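Have a look at the structure below, then the notes.
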Amino acid sequence: MQKSRASAESDTQRIEAFSDGVFAIAITLLILEIRVPQLNSTEGTTNTLSLASALFVLWPSYFAYIFSFVVIGIFWVNHHYVFQLYERSDQVFKLFNLLFLMCISFLPFPTAVVARCITDAQQLQTVVVLYALVLFLSVLTWLLIWLYASRNHRLLNRNLDGRFIAYLTRMYILTSVLYFLALVLSLWNGIAGLVLCVGLTLLYTLPPKKPVYRSGA
Amino acid sequence: MQKSRASAESDTQRIEAFSDGVFAIAITLLILEIRVPQLNSTEGTTNTLSLASALFVLWPSYFAYIFSFVVIGIFWVNHHYVFQLYERSDQVFKLFNLLFLMCISFLPFPTAVVARCITDAQQLQTVVVLYALVLFLSVLTWLLIWLYASRNHRLLNRNLDGRFIAYLTRMYILTSVLYFLALVLSLWNGIAGLVLCVGLTLLYTLPPKKPVYRSGA
Amino acid sequence: MQKSRASAESDTQRIEAFSDGVFAIAITLLILEIRVPQLNSTEGTTNTLSLASALFVLWPSYFAYIFSFVVIGIFWVNHHYVFQLYERSDQVFKLFNLLFLMCISFLPFPTAVVARCITDAQQLQTVVVLYALVLFLSVLTWLLIWLYASRNHRLLNRNLDGRFIAYLTRMYILTSVLYFLALVLSLWNGIAGLVLCVGLTLLYTLPPKKPVYRSGA
Amino acid sequence: MQKSRASAESDTQRIEAFSDGVFAIAITLLILEIRVPQLNSTEGTTNTLSLASALFVLWPSYFAYIFSFVVIGIFWVNHHYVFQLYERSDQVFKLFNLLFLMCISFLPFPTAVVARCITDAQQLQTVVVLYALVLFLSVLTWLLIWLYASRNHRLLNRNLDGRFIAYLTRMYILTSVLYFLALVLSLWNGIAGLVLCVGLTLLYTLPPKKPVYRSGA
């Protein structure tokens, strides 16, 4: 009995460690999307820009880097938070977590698209729709994991308070709805969608509520 | 006595942690193969495609990303599963595990080939043969590890049921045979080989059987 | 009570593990900035350089690689050192640590700029200013974490000696001031700024002082 | 007393975990050096090669990938082995280990040079000299760590047998001498140096001797 319990615990720990690896790599790969400006005369192109102005022109890359770093960082903080509530795991849980990680490790791509195309007024909207779509899929798979794991305390600590679980469920559904609104908004107006995405991300830097356990536990 | 046992245990744990690292990196590197479409007018090329259509044209990259992510993810889940059965390690085991990881971390390459060439009808078959070959080598090295480790309970928990070991041996041989068939099929018809590869991958999302220990253990 | 304490401890451990991941990836990604010289005749460019001389010409890349490797390595050693003092964590601490990691994982970019542009006398100063700026932001966010965590022993071991905390505070403020001077110096003279940056880095290879705990603890 | 001991132990464990991260990333990054052949007609180049022959032409990339994977893998196995002997750490040890990791994570560069230039008979020797040099620096820094850590049992388990330590010292010095010979040989004849490098690597797949502890320990 104890054996299987210990193995179940190490189970969520190994999932957590693997997820941490993916988070850490995805967040660090973002820097590869900032390309060094080509100024070398040996490259055959005559470029009259100075390096300083070439570095300033890269500001969309810096913005995209910082924004995506914060986004992935906050997802990591919350993943960390919610995994203290999961005590067991099963195959479906692992696959849902993989789906979620698939969205997270996809983020360097829309980040690169933002970096290259956001200054092009004609393409701005497409850029924002792409980014908002990936964010929406991330929070949607997150919700999926939670709904699956929390149903009848399936994978949660059995002493976790029912009202607290209901509270988290409401919060995660609300998050999905808000990012869906950001996606819809960006289909109507790129700038507005971008502002909402940035605003929501800043909002989620707020600390999550402490878990509540049933008294007598 | 206890010392050497503890060190043996930490031994498989460090192999597991290292393997997890390779899995996490290989799965996250996949995104680097999706290249941002070049639309910048400063690049000197006149490209009349809008960003939106350029992003749609990248669908083979998204397909390759999702497929390889699922493939590596499932290998990770099963590696996780089978390593709870390994209790000791030795040099041969470590080298076989390295061979297996060599196949896993090779996967971003055939993934990139799929992404670039799968829409070219003339090249489709070559693409699928390459991918099926790497998948076959992955399951073959997997089988090699298992046969070596399970022979006379060499590296397994001594209480693991003999019939359960025989069951896993049959399953892993069957897997190798199935992926070999996928490889042969792709040599005959690219599309058919591709369908079998995708089908097998979906099949392996099913949960593996729980380990059976001898009663009285 | 014990539960929440254990969870707080695993909390700083998971932050440490995640940070280690980011350090390890950032330090290993540096190599990707050294590009293989293009000598293939199939590439269409006639290049009369031999491979040996082409490899010698890459010396700024080797210098940048070694310097940034040492910089990130020393930050890792010190992060390791200071995290043995942190016993608890909270949301603000996690966000500050993310800000710091954002600077560390940004380092491959100025490294690549150094590698490509440092031999260009006209660009040398810009290159050094960029690198010094990122170093300064790194030590500044480091100081921020420390000031937040050490205030009234907020996240520190309660037995840590007050004078020792004051000593570290002085050291970290001094570090920020020194790197700020390096930044200002590089705005005035590139070479001088570079020499100061390298000198400071070598200085920080010295071992940090052992933590002092209150007697009777 | 116990506290400082526990912290010293976790010290070598964190160095080990960080090193594992660098090993895992360096070994997985190798795949990025294999570039997908450009066959897309949209790229503007008319290339009459079929994909299959283009994939065959990449054989130096596969060779370089497999060889470097085995090299880094064997270094990892041996790092793993020798770190079970280290019980304490200090600043010098950490810096020496960083120097060693600097060599390991440099390996993707000579690997890429091998992949691109080894088929060019004129450049073969330069390629092998570069690779042999990096291998030699790796085993030299390895020896440095060992000599520093083993001197008067500085960082080793105090019960480790003196003759066993002397045996390892002889082995590691011999290794450095052998790789130095490979370097010198490659300066005289590229092919001969290459054969020796490959031979040595295969030799080091042999399992290391079990550590011997003093009786009565």
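All chains are identified by letter, namely A, B, C and D, in their written order; residue positions are counted from 1 within each chain.
Heads up, the rule we're going with is that a residue touches a chain if its C-beta (ideal position, glycine included) is under 8 Å from a C-beta of that chain, and two chains touch if they have at least 3 such contacts.
On a predicted model such as this, the values are computed, not experimentally measured, just so you know.
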Common touching chains of subunit C and subunit B: A, D
Chain whose Cα centroid lies at the greatest distance from that of subunit D: A
Cα-superposition angle relating the copies subunit B and subunit A, to nearest 5°: 90
Interface residue identity across copies subunit B, subunit D - same or different by half: different
Geometric centre distance via CA averages, subunit C-subunit A, whole Å: 25
Computed distance of Cα centres, subunit D from subunit A, in Å: 35
Where subunit B touches two or more other chains at once, by residue number: 17, 21, 25, 29, 32
Interchain pairs in contact, sorted by label: A-B, A-C, B-D, C-D
Interfacial residue positions of subunit C with respect to subunit D in the complex: 16-17, 20-21, 23-25, 27-32, 34, 36, 39-40, 50-52, 55, 65-66, 69-70, 73, 76-77, 80, 84, 205-208
Residues of subunit A touching subunit B in the complex: 7, 11, 14, 17-18, 21-22, 25-26, 29, 32, 90-91, 94-95, 98, 101-102, 105-106, 108-109, 112-113, 115-117, 120, 122-123, 126-127, 130
